[in-house]
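Each of the next two complexes has subunit A plus one other chain: subunit B in the first, subunit C in the second.
After this line comes the complex of A and B, so read on.
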């Protein structure tokens, strides 16, 4: 496919590295054209012109980062029409969501896309984090100026932003689910000794969950958090380029049979038009060798498109099949029984249930221990892990290397722990947060006080 | 002559540069501070904490739940007491469950007829009939609040800002 306004430069018309006019194609005929496509197209510009072939493998990265990015994009897209329809006021929020669900043509579908996309984004981001951990991809390899550990830290922050985005979005329908999730969530913040109540007051804009709370969460949800996430996303991408691509490319360079290739013309100088005539000679390691690299256009772009389209398709189909729940309008007077957090916070709800500790006359509220200290430690540990991981650089970019077996096991255990708690919270907690087997029926709850 | 002037020029330029950068920094910090400060509420439009809850005669023997105040008011003949329905763990509203048989107990030196127990739907905290936390994650007992009789119209008044101990009773003449 060739865009009508692009044409191939006639032979002899230009010097190497000089672009007489926009020239790029979705189906390049030469390396030169493939490189040009990347350099002269704004959307493709975040890719290198050449990529290390094994980095593109489905079974290495599973393209989870791309999926997360695609979902974020989809959430912004589906959020736009919802912003036209939703009214962030305590009197009208619930009705407007109800209208989106039952009155607006295709409103139910847009809302479902937004909701399913958000759920899947939590899954994709967590899996992406797990992939990077298991492959030790936060390790710096052979490249100069690599700061992969900092990109990992950015990634952890992006995970937290994703969760906070979900949490703030959760409140907006102003139904029972929303109201009590926010009651519990912000009370966890107020369990911090000393400044806790002030943090809560700042979060909800007063002492009760009211209009001030809704507008705060709304602005956080539509501007502050997506803006922050978008900015970090751009930086995350840029760092991948600065760090020389995925960690796997480094592993290949460190492989025993890696050889210097001798002088090769590097694409960067010629493509940017820095040099004319003879290219400057630069020595490259073997991953840069022609037989190990492919052009980003179309090899990388094609796969990225498949992943993005696949993600969109999956979300669209799921959104058509799974209806979005809307509970009764928020009622500050009645707590649902049981009142459950969204699934990705259920493990936390389970932990705050189990961590109230009594030492003699001293009682430590589980809200503080399980809601603040424990998750804080977990996130802290996750953040500094690249500096704790002393395994060899050569293990970066490999799945489950022997020398990282112990830390991978630890990570899996932590994940299983969280999954088990999630499972208990999801399927085994009934009225009054009592334990039931998943197949047991809950007893009827008498009355409503 | 120009040689002698050189360092002076540099000093001035350097000073102006630092002055400009410093002023910019101060301006941005102050504006950011002002913007953030505006988010800290100066006034909260909370519901009043001293509330008339109705004439004592309208309260049944046993328990009455007042959803607006999230308060349980107990009556035993002429004595009244009130226990908060706000769970001390994370602030959900606890539910009262009638005991199959009322118990008489002495709590803080005062006899008390226990007719209910309280359970929280959020994290499973349980409280005894006087609001003492029995099991689950609740760190302390449910609050007891002061009850009084309004001098103007004789209604029962609950003071949600005045926590009292478990020996408190309001006894009507």
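After this line comes the complex of A and C, so read on.
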């Protein structure tokens, strides 16, 4: 039995402005119905009616943005039950996490999904940024009013928000790992000359990591940062529509054999969603030609489902297989050995170590270079890169084009540098921050009994 | 109506989506299966069977199922041990295998589980509901179960389960002797007998040559120096080795080697680790004053030493190593020779007078007099004066036939 509002309108029953299929029509019978599915559905309304086919290719975008979005959705979803169970107080936070882990129904899985999802999101967002860089997708193409470079800037801000979200979540279990990772992280922040100690005080709400820090990080973690990220995410998607979809579509339009197709007879919606510059009676160029495009429903939605559900499945399997660690309760008097920053900041901690020079009694602290100058320089460069990149517009949307070889090489080198330092920090720094080969065993950490 | 444009997209997408669907179902099954993997389900089933067999089906129906816990707010504990150890308060399972054994002894009468929980005495992780995590055989858990396996790992001499007594002493620390805690009682006797207070403050009373031991159990394991210790690098192992030979672990220590047996060293190490702050309500403290009680004789002997003719030696700290029997000063450690005869003794041992020896000491005394007890020239004159007085007193006593250095004569049987 079909519910009344899912009834497909019979032939001849349609009238202008009334969509025959109020819900998502998974198997549209006509282009009109496929377009209606997008317009009449809240979840699908941000899709264009038709999509340039190569934009959907697995090997172009690897769908990393969709994966990041799916992970963000999963994190919000798994974070909600955790908010009901977690108590943001230094006396009870640790015990409430123990309870989530041991006695709350499915609590261990929800926490593991949240944890694994957060780690994967950092990875996915960084890879997404790398993909956009390598394909020069921040370059404006043929559409009028395109502002891809600003969407790139939004993306850089979203990466920083993702890192800060993960960092604030790190403190909440209030165990030794949390406490000391945040100690290391905020100490790096305090290396800013002059105002460093004040920045640290602002971050942790005092001079020691205490209740004030916990509630500050909690509110940032559950409201401020996800709210900001969610808002920017919506704007990020909206900009993609305004800029005419992925940069790859522009590259196709610029291809030598691109030709006007002439007015499309029965067009209802702007193709590719380029709002400005084309009127509803469009003369499309070849990327919008019927053989170059597919209906968003079901071809785009199906692939999006594959990616989103695949991400869910992967996170669930990892969450069931990898137990989430919880170390000893936070203790400001006992520094675990070694005390490490969260893994995505470890390359900074490693650089801080390597640039700290001791000459007799004189110590040159590397925290300013490794903790402030270098990351500041990298983020600054990333932000202004679209304006520094003078390569031809035709190279946008292509992987490793010849004319962008030098800057892509530079980016790869920077990534390898960060990865190498992260690896050293993660696997080669043992007790007392001494260097060990990955196959060497570290001396045992003493216990009480 | 126009036909829909044929999708030029690869048709493989549909089977891929179907496969992802199957993976998602598989992931859910895997998650549900992981969630069901708890030892307690089997143990509860087994215990119900044992009760049915022994006491009948009617009693078996009263065995609770699902997660169980003892919540003790006063001790800040929620102990879920009873989820598996269901027989703890049941009679009739005294000889059953763990976890289905009745709690041995009559300790539960004075320490009912609903008031004390389990982990306050036994250690372990009360929050956990799986064996490995609950018994502390997992990473990042500092309070392992203080049971036989751990005692065996440390090769405890007699009672392998004795480590638990450390937790008894967290509440019972001010008692002279606690029923059932033999190792702790042995250690407390040793503290009196060896006079640890000569050098160490314990519960607010004692000397200052060594570190304060009142809360030594809270010292972080990272703060010990394990470089000369072989075997387990734990605070407990360090204390055992240190009691057996202090100089082997800390080269320049002045702590004497008391030639303790392994059992004594283990008992003392347990006492050290039991001296820690634990947050609990005052109601859990047994009704004894929060100091170490002393008998009237002990108090008088201490008072005599402090105010009697040998008071100078006590105040200066000589008595830590030396007795001065003629002046009724008894050294707790008795490492050095009795000073009653020092005037003669320095001639015999070093070939110099006591004046010369104090001004130019040799051997151990050269270290002690340059580091621990630094005397001004005036104080050295006083020391010589006092030593002469002690010798005079000694000679007087010998003349009277009461040699203070003679070994005590056993009372003849009547």
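Here, the second predicted complex is superposed on the first by the 395 of 449 C-alpha atoms of A that agree within 3 Å, B and C clash if a C-alpha of one lies under 4 Å from a C-alpha of the other, contacts with A are read in each partner's own complex, and residues count from 1 in each chain.
Methods note: a contact is a pair of C-beta atoms (placed from the backbone, for glycine too) under 8 Å apart; a residue touches a chain by one contact, two chains touch by 3 or more.
Since the model is a prediction, treat every value here as computed from it, not as a measurement.
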Touching partner for A:438 - first (subunit B), second (subunit C), both, neither: neither
First, second, both or neither for A:194, with subunit B first and subunit C second: neither
Which superposed partner A:28 touches (first subunit B, second subunit C, both, neither): second
Subunit B versus subunit C as contact partner of A:305, first or second or both or neither: second
Partner chain(s) touched by A:333 [first = subunit B, second = subunit C, both, neither]: both
First (subunit B), second (subunit C), both or neither touched by A:366: first
Touched partner set for A:145, first subunit B, second subunit C, both or neither: neither
Partner chain in contact with A:202 - subunit B first, subunit C second, else both or neither: first
Subunit C versus subunit B, contacts on subunit A by residue: C
Intersection of the subunit A residues that touch subunit B with those that touch subunit C: 333-335, 337, 446-447, 449
Residue ranges of subunit B touching subunit A (in the complex, touch as defined): 39-41, 44-47, 65, 67-68, 70, 89-97, 119-124, 126, 136-140
Complex contacts: residues of subunit A adjacent to subunit C: 11, 28-34, 53, 56, 95, 98-99, 101-103, 106, 108-109, 175-176, 266, 290-291, 294-295, 298-299, 302-303, 305-306, 309-310, 312-314, 316-317, 319-321, 325-328, 333-335, 337, 444-449
Subunit C residues within the subunit A interface of the complex: 1-5, 7-9, 13-14, 16-17, 20-21, 23-24, 26-28, 30-31, 34-35, 67, 69, 78, 80, 127-129, 133, 139-144, 146, 150, 163, 220-222, 224, 226, 233-236, 273
Complex contacts: residues of subunit A adjacent to subunit B: 180, 183-184, 187-188, 191, 201-202, 205-208, 210, 212, 216, 333-339, 349, 352-356, 363-367, 371, 429, 431-434, 446-447, 449
